[in-house]
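Each of the next two complexes has chain A plus one more chain, namely chain B in the first and chain C in the second.
So, the complex of A and B:
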């Protein structure tokens, strides 16, 4: 993160950094103070745009054409880093060929960002030594998520913005411990330490620790709900997640939760999802337990218990260990540090991280041995896979588009004072007062056309469902574009979003839904 | 200040002294590392001397992040209220407090204990002893020497220690401090004034070492010239309303209240730190918010650098630098001072009238006669309910304790009305002094509390605190023409004067009541107005948007009726209750007719929580609408920043 404050150019794509990652944005402000320039790509004039040197009001879901056009400009104007491409990458020519026709004018016709703005972004990015890209869900929650990120990697590689301080493409994590959860293998296609179940050595390695186990790739949450719907999946155990509000297509989600024969929900509060559960397991909050979180920076940090668990609640690890015991497994952990010890063996990248070492200051993985100092920057000198591979990422429309029936594009997101589905923040007095209810951001011109007044409740309908929320009229959003925060159960944005998935990793396109407005 | 006694204490004896003090009190000591320093009870951590300052100001020990105000229970007999001011840990000695924080406490003492004394603060503060340890080095953002509150503690401490190589110089600030010396007498050696010279030399050296030095002599002039300067917009864009800055400030005193209910019959009202840096702090009904993003960010800075001092005579910023340290978007009071000075030099505006008008510092010293203390309501029972309009009701009630009616003094403009378990709302007093055994409120159903009130019926119980606020000056109206202008529920605050005027109509010349609404049905006091109109020198005029056959009404704005009234405008006082925009339009027309702004009386009803000048929600500039107002004359209103 410190890298960020030394950057000379920061390109923020699909990240409302000030509001969603206030501390990361502190680093952006630091960099600006030192003279850095800031470029923002977003369908909403987010707060950062007030400080930006360039702003691209992009049509939701069309980042890919814009990025490809930037690459096109950089190649055409010969701003590439030839040496880097030659020594550290492969497959450049094929990629180059693929963006031949991706002119800024072509991109403008799709993404609505003026061609000259695209040129300005491309030139600045290519010609700045320390240029960093920051992105979050604005890029990932669309049907071209993977392609867009690969295209960003192309962009970083043709200009050699990789593997040095204050460069690279940097996803900011949505939660304090998404990174940690992924590291632990809370993903359908990885075991702890990002080991693929299909690799032959994986099973061998883990069997040594756990004994024999079924080493198969799992399903992601979207697929699981579909399997429930098809009657194939018979039980679900949901830990610390509120899919009724956070997953796309709420109606479908509720239907599946109702249908699944056995549902266990483990959470610190009784959530909307818990309403459907056969068994609810009360978990202890971060203040009531020990353990570690791993942040965006791959830094593994301790959390310390401040108070004893309230009521019958228990730390998640204890609940899981209890369940393991009852189904006849070994779970002889005295505490989280025993689990960490097991992890040292299980995941190479965590090899040398122990509670004792991180009690004061965290360590960044990979940290291979007890003496290893941790790794602040990845990919120094060489990529993990050897040479950086250029990829071809052609744009195609998948999923929702504007139509006569649904002339608006809805994008979803958050507000500073709320966290996710509001299970915690809506219980905090100050925060709840700041945003007592949801809203729909709508451009002044669209509101005028439809005769909508500020704060007037309006109905928004997509092919999936319909919600009502008060209008918030603003000129800080693109025309014909709406924004609804997804925190509020009374106006659940995810009743509108759909199951349009990125074909590669199946992430839902929460940021792009076609909708219409009805004035109540 | 009278010369206080001086002692020396060997540094290696300090821990023994702390142990002795800890025998009969709880001693709190600084524990932690780097910027992470907190006061913890002796024994719960290792005492450190290597720290710039406590992470949170020591204020948190006397004005806690969350405090109970009162609890209530409902049983067959009624509702019982019990104040919670005294529920806290007793007799604490806070050791190691820095000068900026002792100064902060000196100010919060002035703030909470003056005028309507705050029972919670008072109780905690009485049980707290403060031992300052003076700083020998400055942090990155310390600027106490620039504001004049440091570097060595001068106020707010009971004892102040200045560290020398082998000993501390111990200065006694109060009898409480002397008491501490007496408890560990053998360790303290009395010494003479000679030591003070050494202390002053040391202080000069420390001051010299400060990285930040600012000249703040003309700051108020500069502020008056930069109220609308461009840089405020940048600051406003940056602020994400995280409230960090106000949470760490030793002089921030604002709070909000909330109900915590155990069940239908038991609950308590608690207060918790609130912040003017968030939107809802001043948000009013119908989404009206007198402060926008710019005025929100600017308000904190003006409050700290000017308003607090202007009103209470203490610096509102003690220069601790915490708000600069904590702000995630690099909003820095230090930089802002620089920007103010620069803009005043390079781009001065004509001084803002509300920044240069000499203002009143009048808070009515009025102990509220509540049985359980300032924040605890007295229980009253509803005796009658009258539906005035589809959305407005009139509630009549009597205190459960008849003594309260006997002692009731009819001064003030509004009450704080509690619906137990739901919350509290300010409601105006729509009756005159002749009501001696009953209270009445007229209110519109707009939100959560008023909704509950709306459902109440005879026999239901509510809580009352008050009366609060500056009322219309009844006596000074005598012998004049009067014109009352109010629409909808805004007629309620005016009725407090209309009633006595009715009963004593001979004391007044010509009286007009101008009633306006969209339609006749929406008018408050329809029947009463017909009665009032029977008084010889009183005329009721109606201005309605939609015609009616019930009364003779003009279709249009009230303003249009004014020129035709046969009034000697110089002999007239106008009483207005409306939105600030409406007030301004009316006042302009009235002044065109020849009225002086001082004869136009208005009420400014901002967001109010406590009613007693403590919670901070109602502030406009350095004025508290709840105690200085809500009634002002138009000249006074114009001398306030346009943030009501």
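So, the complex of A and C:
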């Protein structure tokens, strides 16, 4: 993250950085103070656009054509980094062939970003030495998530903007420990330390530590709910999550939670999801326990116990260990540092990270041994796989589109004072005061056409469901586009979103839902 | 008063905070950590204010078990954990390697807790269906 402040050009695509990663955005402003230029791709004129040198008001769900067109321009105008392509990558010719028809004019017809803006972005990115790409869910929560990220990788590699300070493509991770949860193998397709279940050495390695275990590729959240619906999955254990508000297609989510024969919910509050539980277990908050979080920089940092757990609540690790013991597992951990010691052995990238080493300052993984200093930048000198692989990412749109019945595109997201499903932040009065309720952003022109006044409740309906929220009339959003934050249970944005998924990683296209509006 | 250094529990920036606590364990407020590598003495609104939910009267303070009439009743940890274990064991009965239990872990939990969830899922409940909110 500190690298950001030394960048000379920052391309922010699908990240409302000042609101969602406020401290990362301070680095952008530091860079701007030093003369860097800022370019923003977003369907909303987010705060950063006030400071930007270029702004692309993109149609939700169409990042991929714009990125491919930038690559097209860079190749056509011979702004590529030939040496980098030759020495560090492979498959360039095939990728080049795949973007030969991706002209800026073609991209404009889909993404609505003016062709000249695309050229401006491409030239600036290619001709700046330290050019960095920042992205978040505005890129990933679409049906073209994986292709778009691979296209960003192509863009970074043709220009050699990889593996040096203040370059690269940098996803800012949303929640405090979303990086760590993935690192730890809370994913269906990885074991701790990103070891694939299908690798033969994975089975061997974990058998030594865990004994017999399920070493398959499992189902992700979306698939799990579908398997519950089909009657195949018989129980669910939900810890610190509130899918009723956070998952797509709320009606479907509630139906599945109603249907699952045995549901355990573990949380600090009685959430909307807890309503469906058979057993609710009270967890301690982050101020009532020890352990580590891994931030978006892969930096593993300590959290310390400040007060005793409230009431009869317990830290999650104690509850999980108790369940492990009751189903016959060995789980005699004295505390989180014992678990970290076991993790050192299980996951090589965390091999040298101990609580004692990070008491003062965190360490960035990969950190292989107790002497290893950690790794601030990945892919220096060589990519993990050896040569960087150029990929072909043709744009084929799947998912919701505007129609006569649903003429608006709804995009969802967050506001700065709120967090995820609002379970914590809505109970903090100083924060709740800033956003006491949900809202729907609508462009001034659309509001005038429909006779909508500011703060007037309007009904938004998609093929999945319908909500009512007060209108927030603004010029800071594309026309025929709406924005609703998903924090608020009374106007749950995810009642409108659907199950259009990226075919590879199954991320739902929460940023693109076709809707209509009616005045209440 | 004591000051405990810790890491903010909100976004992925991972800012350094001090929590100021009175002798009776009342949380008085947050101060930024001036030499923290990420936050360098700055915090956002959630960082400064976001701790107040911790002592909210609506916190869950006891395990709850659903009764046959649909209402929840407070239970002891022993009772609740036994019910959880037997519920999971009942769901697991299976010969064909099909995942019968879905595990949703949390980006709000620590690394240590997520590691235990992965181990519980794969080694204990014999399910590879574990995920968290990374997609959401």
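Structural remarks
What we mean here is this: the second predicted complex is superposed on the first by the 520 of 520 C-alpha atoms of A that agree within 3 Å, B and C clash if a C-alpha of one lies under 4 Å from a C-alpha of the other, contacts with A are read in each partner's own complex, and residues count from 1 in each chain.
Convention: a residue touches a chain if its C-beta (ideal position, glycine included) is under 8 Å from a C-beta of that chain, and two chains touch if they have at least 3 such contacts.
What you are looking at is a predicted structure, and each value in this text was computed from that prediction instead of being measured.
Judged by the touch definition given at the top, the superposed model places A:278 against chain C, while chain B stays out of reach.
Once the two complexes are laid over each other on the shared chain, residue contacts for A:300 go to chain C alone; chain B is not touched. Of the two partner chains placed by superposition, only chain B is touched by A:50; chain C is not.
Applying the stated contact rule after C-alpha superposition, one finds that A:227 touches chain C and leaves chain B untouched. In the superposition on chain A, contact of A:22 is made with both chain B and chain C.
In the superposed model, A:416 lies in contact with both chain B and chain C.
Of the two partner chains placed by superposition, chain B and chain C are both touched by A:430. When both complexes are overlaid on chain A, the residue A:515 reaches neither chain B nor chain C. When the two complexes are overlaid on their common chain A, residue A:58 makes contact with neither chain B nor chain C. Considering which of chain B and chain C touches more of chain A, the answer is C. Within chain A, the residues touching chain B in one complex and chain C in the other are 22-23, 26, 416-417, 429-430, 434.
The residues of chain B lying in touch with chain A in their complex are 234, 237-238, 240-243, 256, 258, 272, 274-275, 278-280, 287, 328-330.
Interface of chain A with chain B (complex): residues 18-19, 22-23, 25-26, 29-30, 33, 47, 50-51, 416-417, 429-430, 433-434, 436, 454-455.
Across the complex, chain C meets chain A through its residues 4-16, 19, 21, 25, 27, 37-39, 42-47, 49-56, 58-66, 72, 77, 80-85, 87-91, 97-136.
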